[in-house]
């Protein structure tokens, strides 16, 4: 069975590389519509990574919420704000070099931190398979307060967004 | 870049730019070659300019160069759904011009044929309206099944299903073949059964009611001012039917009612047509009961011209013959200068006049409604562009 | 009334049509269409398609006498006739050229009405297809010729009436001719001069 | 043969077999669904439907396939090539992926995820992305209108669809489709969820939303031929259009299959083999979809939205409460009557609230 | 299977690309996309840590749910603002909107 694990491992690394590449594209591509599509690819890549971490409920929720709803919103916004076909304006401003330098520096810093420190790895690290029942139990028992607060927050943002975006605002 | 900052439009104008769409001559549901220049804001129609003339065949100019009888087959091609009522109107006009009398039996046969074309037209129009609403061809094919039975009778009588060319001035071309009246009686017996089934399929259908009620409302005074005629006018509640107003031919002998709607929206136009079909069936039953079994079929004064239509020279003068065609008041205005060719020949096309108010009905509605309103107006491009 | 009942009743109508299509005949709601090339509907007698010229017995004795009435009467003017002349140049009662342009003709049947010599009638044959518009669809005299038997086959009652009328006219003419001959034979004995 | 192969090759072989089965099953069902639809709708309209190609028109799908392949593939010049090219592919991928979760027979589920149902809903929500690409990519006014309409419709019908599935999960206690089917076994089929009041209502709502999700008959606004020519796939021809067509039919198959699994007891059935039960139930539901297409006219955009947000959504919420009550109440007749009463009351109440959309009574005088 | 540090490096990459995008993009929607990228990177970290180090693996995933919920809420409000802005200014390029009062 070890060959199988190697194949799966190789698959996951390929998936990670694919997502990083898609992320770079999402940030640099000139046409905004293509950027949004690359971002969707990143999201699906990340859902795959969650699956490799045995968090399959989270992966499905990620696809459902992000790719289903948030991407729809983003693309709706792009469609409504872009005039038909003038997507040739340069997308990046003067800060490019400075931002690139900062990015490289912070990348190196974070990577060294994450490699150097000895994390308290549990012995049964990767084997734990979480069932949806335990997840629900945790969500509605230990973390019920944040759960309710989040629902209040969602309602307020919903109403707020509608008021902001309404066409004939009586301001 | 600075000046870009200061040209700020007022915040209320529509930010999504309006969409100018050509629901063009080649479109699945414009009932022929008819273009609508629609400006949309999102889904709602802001302005709608009809563009016509793609099927203009110079009909009136041709009629001024050929004899009176020769333009009878051309009237078939005006509103190619009801060739018999087109012939009826043209025959009436010339009979008024040359004051010909029409024998009894010919009158009855003319009325029977006219009412059969009304059935065919109304059934097909409801089918096409349902097609625009999205029902995938089922109502149309039920309607066409009934239409086939009636077209078989036309073919038996006149020789052609749609281009009948059957009426002549002073009567009809040839008498009915044997057994035709029995076949007509049989069709009329089965029609109400089909109509009830058709109504259960459509009239109470919630989606149809949602899509058609209070859509494209035509107020009564706008209808009268725009000289709309036919089911559209009666759906808005105006009691005007040329058969009752003019009492031409022998329509005064039949008792039938005129269905009137209240709000004048697409639903009322649909249902007025269903009720009109039921009235036509009443007329047909009475006509079949009273038709004289024998009798000549063309007036004596036209005998010499049967074999030589080009010698027919009506006296100098003008006449306007009109008939209640299924689409509205179809009229023919003809001026004669004594020669075998008419001097001036004009067709009052009901579809064209009913189409003029398309924009007023569609403003403010959605794109889907504009198509349905066009379907309910019931136009045939042959008549609109004649 | 519950919201969906109208829709459900309507759907039952189509379900009935669906089931009827397996069990019922064409006129009680079953399959109404006919599979065209194999099975065909019965043709109506007065059905009119493009015109044809009639000849009795042999294609030579054409009924048409090239009187040009149908060409004048035809609304779209799609008939073109040229009279035939014999060797000495005297006009004959036969058309040398009789063309009908089938792309122009709208099969209205006015030529059949106007023809005083029962020479031109409307055909029943509608499966006409030509490779191109110019020559195949322009029918010349020989393509239009059809026999009287064919005419009787496709339109029995009309053909019968016309043949009866022509036979009657024939007898009347023969009787008149016999009368004339008899009158001519009795004529040579001059009556004795009136004294 | 299987004896001496190393076990990891076995795993891969079983995966390949299920992939091959689905890759074959998907397109073939699509082809014969098109034929079934044309035949059934034909029969409803008193005509026969295709019967020229093959014995009863059985080779008609092959003829359509060849026609689609040989048709020229036109790409409009202003179109954005990447989006235009990727859209048909990205619309077929979710349609095929979803086959993995459907339990065709007793042991015949390709991948028995324990979040199977959520997988189905998540994957079927990604089709909005592909429709966006199709409508925005082809730079055509009609497809833009169609794209906007279809995304608005799919997003607003996904909410009631997801919520109508919640009672089933609540009662069976697991998201895996196999467990749901097992929970409906026994008593010769009387324990199917459709025979409980909340199950019946949830089935109707799920089925309607499913029909809306794959843009079929009363909700086929995005490709409304009579209004905006062909909606988001106006600018597609040849094989790309065939892919859109295939995705639509595969969606309608999977939606019917899932509805059968959730409410009609999947492959549970007294005598016949399990997969036969499954296919019979699915094809009954597909017949109903085709029946819708043969009879009903189309909704308008705002009526569509109103039906989803103001009518179906509140009903599903109430349905969840009733299912909760059903779960804890003792298994007596009182429970059935109570829940049936609550549901019909709420149905009537919501219908009264939406009175504006009910058909008005119309009276007609007769002048002379 | 896959050691914790590889996940962390992957998350760092995404995080850094997100920051780079947020700083560089001229279009507000581009910035919103970059922001979402950052939040996703954080999510990956949460789940990786909860799977490998914490005794009860549910905590990380629960936190990831909350992050997804907040990200969705933030996206809606952000895009509502973008729409309102576009209606007034006809442009959503950041360097063209820098006057507080006009």
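So that you can tell them apart, the chains are marked A, B, C, D and E in the order they are listed, and the count of residues begins at 1 in each.
Operating definition for what follows: a residue touches a chain if its C-beta (ideal position, glycine included) is under 8 Å from a C-beta of that chain, and two chains touch if they have at least 3 such contacts.
Treat the numbers as computed from the prediction; the structure is a model and nothing was measured.
> What chain is the most remote from chain C, judged by the mean position of CA atoms in each chain?
When every chain centre is compared against chain C, the largest gap points to E.
> Counting C-beta pairs in contact, which two chains come out on top?
A-E
> If I average the Cα coordinates per chain and compare with the overall Cα mean, which chain comes out closest?
D
> Suppose each chain is reduced to the average of its Cα coordinates; what separation in Å results between chain C and chain E?
84
> Where the centres are mean C-alpha positions, what is the separation of chain B from chain E, in Å?
From the centre of chain B to the centre of chain E is 63 Å.
> Where the centres are mean C-alpha positions, what is the separation of chain C from chain D, in Å?
Chain C and chain D have C-alpha centres separated by 59 Å.
> Give the residues of chain A that touch two or more other chains, as numbers and ranges in rising order.
Each of 57, 61, 69, 76, 80, 84, 167, 169 in chain A touches at least two other chains.
> Would you please write down the residue numbers of chain D that are in contact with two or more other chains?
Residues 44-47, 144, 294-296, 358-359 of chain D each touch two or more of the other chains.
> Using the touch rule from the top of the page, what residues of chain E touch 2 or more other chains?
Residue numbers touching two or more other chains: 83, 86-87.
> What does chain A use to touch chain E in their complex?
5, 8-9, 12-13, 16, 19-20, 23-24, 26-28, 32, 35-36, 39, 42-43, 46, 49-50, 52-55, 57-58, 61-62, 65-66, 69-70, 73-74, 76-78, 80-81, 89-93, 95-96, 98-100, 102-103, 106-107, 110-111, 114-115, 119-122, 125-126, 128, 130, 134-135, 137-139, 143, 146, 150, 153-154, 157-158, 160-162, 164-165, 167, 169
> Write out the stretch or stretches of chain C touching chain D in their complex.
For this pair, the touching residues of chain C are 2-3, 6-7, 10-11, 13-15, 17-18, 21-22, 29-33, 35.
> Per the contact definition, I'd like the list of chain D residues that touch chain B in the complex.
Those in contact with chain B are residues 41, 44-47, 141-142, 144-145, 149, 217-218, 220, 224-229, 293-303, 357-360, 362-368.
> Where on chain C does chain B make contact in their complex?
3-7, 9-10, 13-14, 17, 27, 32, 44-48, 69, 72-75, 106-110, 113-114, 116, 122, 157
> Sort out for me which residues of chain D touch chain C in the complex.
Chain D reaches chain C through residues 40, 43-48, 51, 291-292, 294-296, 347, 351, 358-359.
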